[in-house]
Each structure stands twice: as C-alpha cells, then as structure tokens.
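We just call them A, B, C, D, E and F in the order they show up, numbering each chain from 1.
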Amino acid sequence: MPVLHLLNHTPRGSESFARCLESMAEGDGLLLIEDAVYAALSGTPSAGELRAVAAARNRCFVLKSDLESRALSVRRLAEGFECVDFAGFVDLVAKYDASISWG
Amino acid sequence: MPVLHLLNHTPRGSESFARCLESMAEGDGLLLIEDAVYAALSGTPSAGELRAVAAARNRCFVLKSDLESRALSVRRLAEGFECVDFAGFVDLVAKYDASISWG
Amino acid sequence: MKLAIQINGHPASSMAATTAYQFIKAALRKDHQVILVFFYYDGVFSRLVPAHTEAETAAAVAPPDWAALVSEHGLDLVICSAAAERRGLAALSPAAASDLMRTATPVGTFRAGGLGQWVDACLRCDRFIVFAS
Amino acid sequence: MKLAIQINGHPASSMAATTAYQFIKAALRKDHQVILVFFYYDGVFSRLVPAHTEAETAAAVAPPDWAALVSEHGLDLVICSAAAERRGLAALSPAAASDLMRTATPVGTFRAGGLGQWVDACLRCDRFIVFAS
Amino acid sequence: MSASSRRFLFLVRHSPLAGARFRETLDMIFTVAAFDQWVTVLFLDDGVFQLVAPLGEHSASDLLWGPMLKAMDFYDIHEILVDEQSLRLRGLTASDLVIGAALVAPEHVRTLLGQHDRLVVC
Amino acid sequence: MSASSRRFLFLVRHSPLAGARFRETLDMIFTVAAFDQWVTVLFLDDGVFQLVAPLGEHSASDLLWGPMLKAMDFYDIHEILVDEQSLRLRGLTASDLVIGAALVAPEHVRTLLGQHDRLVVC
C-alpha cells in the first residue's frame, strides 16, 4: 500500500528528515509542508538527498502556500519537486492509501 | 571568560549538541541536564565526542538527579564525566563567568 | 471521502492547527466529509485564542477560525479532556468568559471528549491524517 | 551571588520549570539571592496548574510548588504579560478561580510584568541562567 | 476482522520524560487495543530510551512508565518491535531493555508502514 | 559604560514561522538596546532562515519580520553576524540575505561567547 509521507520541520532541526527518507518504499509519496519546504531549495544538501528519493520512483511534493508565507519563490525549488496547493494536498491524501506525519 | 554550557536534549534529537561542542573554548565547562544525560552513557558515540572535548581541557558534568529520574546508574556513565547534584549545579554557575543554554 | 483529523501541535509554537485548518477548508470545498477533528497532546491549547496586534495578523498566516467551521459546516471538534486537564485546562464548561483568558472561543465550538471517539473515527474514516507539532 | 533566572519551556512538554525550581531551591539553601524569575515564551504557561493522578505524581518528578517559594522566600516571579496574551492567557486578575482552569495558583504567586524588569535584573545580577524548552 | 477493522502502527520516537507525552501515547495504544484492533508498536529513534531497563541500585518500578510498559505484554498488542539501528546509535543492546521486544532492521520499517493503514507517530 | 552595563549576545537558532517565538526574540533584543547596552546578534543554524530575502514575485514586506529586521540597522545594535557554515549547509550565500550582516567562521563563535556576559539562545 503506497504511503504519503509528511514532513514539517527543517532537515537539520530534527532526526525526522533522515528517518522519513529511510522509511520510504517504492511508490510512496513525500509532501513537504511548513518549515520542511526549506529542504527543497535548490543548492541544499537536503534537496540532493530528496532527488535521490525521487529517482527511486517516488514523487516529491511541496506545499505552495508554505513556500509563499516564507517569501520563497517557486523558482528557487530544486528540480524534481511538484508544487501543490491545499486542494492538491487533499487529492494526495485521497490518492495514497495512508499518510504518516513524521513531525 | 570561561563559559558554562548547558545541554538539555538528547544528542540526536536536535542540532544543539553538535553546535554546543563546536562552540566550546578551552577552559569552558559542560553540564548535561534533563534528556542530555543520555549522551554520557558509556558506549554511545556522543560519549566519545564528549571525551574528546574533555581532553581539550574542558570539564564535563552530569546532573545526578536527571540520571536517577531516568533510572540510570552512575556506573553506566562513560569515563571522564563528573556527577553533580543541584548544589553542585549552583556552584558551577558561580564558578564560570557566564552560562549558555543551548536548548 | 470520509476524513478523520488529529491535531497535536501547540498553537503558539507549531503550525499544526493553522495547516490543519486550511486543509479542512480545502477538503470541504471538494465535498469530502470531515467526521472528526481531534485535539490531542499540546493541540488542546487550540481552545485558547491568542491576542494578535493588527500588524502581526496582517504579516503572519491568519489564525484558524474554528467557530466559523462549526457554524457553517457543523464540524465535530473534540478536545481530549484528559489531555486538557493534564495541562491545567478544565473540562469545557458553559461559561465562556474567564478572567484568565483574554478572549474566549464562542461556547459550543469545541466539545470535550476522549480517545474512544478518536478510535471510532479512525475506524469509520477512509483517511486519517495527523498534523504534528 | 545575585541570580536572575529565565524560564522558557512549556510545563507540559519541557522540564524547564521543574529543573529551574530545583536549581532555585538549591541556590537559596546556599544563601544566594534570586532577584528575578522571569517566565517568557511558552514558559508563561507555568501559571496553569496541571492535574496529576497520584500515581503519576509519585512516578514522575514532582511539579514545582511556586506558591511555596513565594511565601517562604519572597521570590519575585514575573510572567511576561505580552507573551501570555499572545498565547490566550489574560493579564493576571485578582480573581483566582476560573471555569477554564482545573486548579488555580494562589493569588499573588505570579506578577504580570514585562521585558523592562527582565533587562533590569540582567544588569543587576551576578549570573543570568536560562532554562530552555 | 470486520470490514471496519484497521491495522494500527504506533511509532514511538520521543524520549520518556518529555512531559505528559508518553503517558498519552500509551493511552492511545491501550484504547485501540480495547477496541479489538490490530496494534503494532515500534520503538525507534529517541523512543528506544523509553525501554531502557534500570541498572544498579534502581528497580523496574523506578522507571517512569515501567509498570505500564510491562502491561503491554498482557494487553492484546500484536507485536512490540524495536529498531535495531536506533539502539546501536545510542550504545544500547537488546539486553538493556525492560520488556521483550523483537529487533527490526531499517528495511523492515518500510515494509511495516505498508502493512498498516493507521500510522501514528508519537 | 556604567559599572552595571553588560554585553549581550543573542544567538538566533530557530526558523521564522515557529509561532510567536521570533517576534518575542526581537522584543528582547530591542528592549536591551533601549537600555543602552552592548548588543550583538548572531544568526546560526536554522536561525539563518530568518534572513532569507524574498525572491521572484515577492517583496521584502512579504517577509514575515522583514520590516522589523530592517529596523535592527537603525537601532543601536553593535553587530549583526551570520554563521557562514550554517548558510552553506542550507544552500544559501550572503547575497540571499535581507539585511547586511558580517559572515563569521565557527571558531569566531567560540571567541564571541567569551566576549559577552549575557548569552541568550533564542
């Protein structure tokens, strides 16, 4: 059963980031919300790690409104990330069989 | 001016541990309180890092009551750590010129 | 789709409630059903309404308007009473005004409840989502 | 030695208040002077007294008894009123009982104050210690 | 199992003395078990500290939630698992633990997630 | 400076949207400055995100605390410093920042601590 993984903290602020990436199975999805959106900025080590995840047939999403509330442009996103709004967030929850919020 | 560094979280739970060790100058002291006492258990990578700090002419202390409330024996402490009670904590604050709580 | 939502974060130090609120509004707009919003751990503090200066409100993300969700969509917002009492918040009482609170949520916005309601919703829903601290 | 103490942690999710309380008692036993205990950030929630079952209290570390420190040692416990109001806690009022609180700290235990008092204490003290969340 | 029954996986990731949190996590686990649901509990990251058995002058009852942890054996909990890597990174082994728990490898965590439909990180 | 004057070092280590926290940190900094004390502010770890300048379709006023951050230049703040390593680990450079700030190396953080007598991690 494909799982939607949710991260909401910066990659270096806790162990959640590494734990989440390690726990993703093929076909799972990842959605970055709140402070986790910083992890998707191009040029960051975290974005590189996330691209490796995407290469393993997972999809990586970023919540657009959390980029905007941090005054970050979509153009700063590293390649391989898809932006979603809250309606898209709801669709992702419906699409995957279960969700897990790593905190 | 020698500084007393305070840590209160587990070594892997946040970036505070690494930041604190990197910020210690020669002659500074380190006191582990609350969940940070786990970092001083023998056999942990963190205890090894802390011993390296101690070797650089810093002293490392552990708050005894926080070991006890976690049912940890003083005998589990790695070498190089000194146990203090709250009275000792007060004396350390007096001994060093300033304190910093890394969180 | 039937959704059950759990909110764990403290409204003063986490975005959990704010994100959950926007998520719920989007789900309702898509005609999904939200069968329970359960406030647990430090999420129970959602009952306290923080004071914001106008400038702060303009700059920051708008705080959740739970009362509007209840009146417009009849949502079931349940605060775990055991978690609330462990944090010094009493079980909900009919009086809305309080000398300790700056502003009070309208009476009836939140309902006191327990983990039984949470499990029940987890069994009945199609999707369960946690908004973490 | 004159000490100024700042407490930042939420009493429900951090040990900051508990550790600070034991530290203060030890300092007073050694005849040091505690010129200010300042509650800031989520530390302002120290005003709410959590409910504990007897078993929980026996097993866990005992919660701080701030009222006793004030009555026995005349300590100055200041809650930052701006931080409290941002979190939905009103400025301290004379009435101690509240329908929203399970138990209330005795009137007069905490004093509402501001950062001016905090800076003043930081300047007058010999040592300043923060108890972090 | 009835159509409405679910498989719950609790992932305990936090250390024991973080306020009321662990007590509330146990309350969730026992409530789900009381509803006759499939419950798996996985301790990982700093959550493994919850299970460290007292040594030396301390007894099991000194452990904050020791008595409640032991009760998990008697409740209808399907499995209690501990992430082996999390233990190793903290200088711990299975013999340090207060309850019997099976060690799992990180790859197994991935499999576990896919086998449950209610995932609760505590 | 009078005998009772102190040197304050604020170490901003948290990201901007974590609730009321950053606003309250700024309140502390400005209050100390209003008392005519020596104030140094060091941004490090996730605190450097506080300073990221808006790009693209956003303007400085969209940044949550942008206007207040800019005010720091006008207050009597001794120095505003940014840990260079923290920036680098987050894929940022000095040109990403909304205010002028001097970059410092990790060794300099050690020196800074010893030069101040009121150390406040925010």
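The definition used in the following text is that contacts are C-beta pairs under 8 Å (C-beta built on N, C-alpha and C of every residue); 3 or more make two chains touch, one makes a residue touch a chain.
Please read all numbers here as calculations on a predicted model, not as lab measurements.
S.K.: How short can a chain-to-chain path be from chain A to chain E, counted in steps between touching chains?
M.R.: The fewest steps needed to get from chain A to chain E is 1.
S.K.: Which chain's centre, taken as the mean of its Cα atoms, is farthest from the centre of chain F?
M.R.: Between chain F and every other chain, the largest centroid distance is to E.
S.K.: Farthest chain from chain A, going by mean C-alpha coordinates, please.
M.R.: Chain D.
S.K.: Please find the two chains that have the most C-beta pairs touching each other.
M.R.: If you count contacting C-beta pairs, the leading pair is C-D.
S.K.: What whole-number Å value describes the gap between the mean CA coordinates of chain E and chain F?
M.R.: Chain centres of chain E and chain F, defined by C-alpha means, are spaced 41 Å apart.
S.K.: Between chain A and chain B, what's the gap in Å when you average each chain's C-alpha atoms?
M.R.: For chain A versus chain B, the centre distance works out to 35 Å.
S.K.: Starting from the mean Cα coordinates of chain B and chain F, work out the distance between those two points in Å.
M.R.: Taking the mean C-alpha position of each chain, the two centres sit 27 Å apart.
S.K.: Can you give the whole-Å distance between the Cα centres of chain B and chain D?
M.R.: 25
S.K.: Among all residues of chain C, which ones touch two or more of the remaining chains?
M.R.: 10-13, 15, 41, 50, 61, 86-87, 128, 130, 132
S.K.: Which residues does chain E have that touch at least 2 chains other than itself?
M.R.: Within chain E, the residues that touch at least two other chains are 17-18, 20-21, 23, 45-46, 64, 118, 121.
S.K.: Listing for chain B: what residues touch at least two other chains?
M.R.: Answer for chain B, listing residues that touch two or more other chains: 12-13, 15, 34-35, 69, 98-103.
S.K.: Considering only the defined contacts, which chain D positions touch chain C in the complex?
M.R.: So the residues of chain D in touch with chain C come to 10, 12-13, 41-42, 45, 47-52, 85-91, 93, 95, 98-104.
S.K.: Over in the complex, which chain E residues touch chain C? Could you list them?
M.R.: 4-6, 8, 20-21, 23-24, 27-28, 31-32, 35, 37, 118, 120-121
S.K.: In the complex of these two chains, what residues of chain A are touching chain F?
M.R.: Listed in rising order, the residues of chain A that touch chain F are 10, 12-13, 34-35, 38, 41-45, 47, 68-76.
S.K.: What part of chain D is in contact with chain F in the complex they form?
M.R.: Those in contact with chain F are residues 40-41, 82-83, 86-87, 115-116, 118-120, 122-124, 128, 130, 132.
S.K.: Quick one: in the complex, what on chain E touches chain B?
M.R.: Spelled out, the residues of chain E in touch with chain B are 15-18, 45-46, 49, 52-58, 62-64, 66, 89-92.
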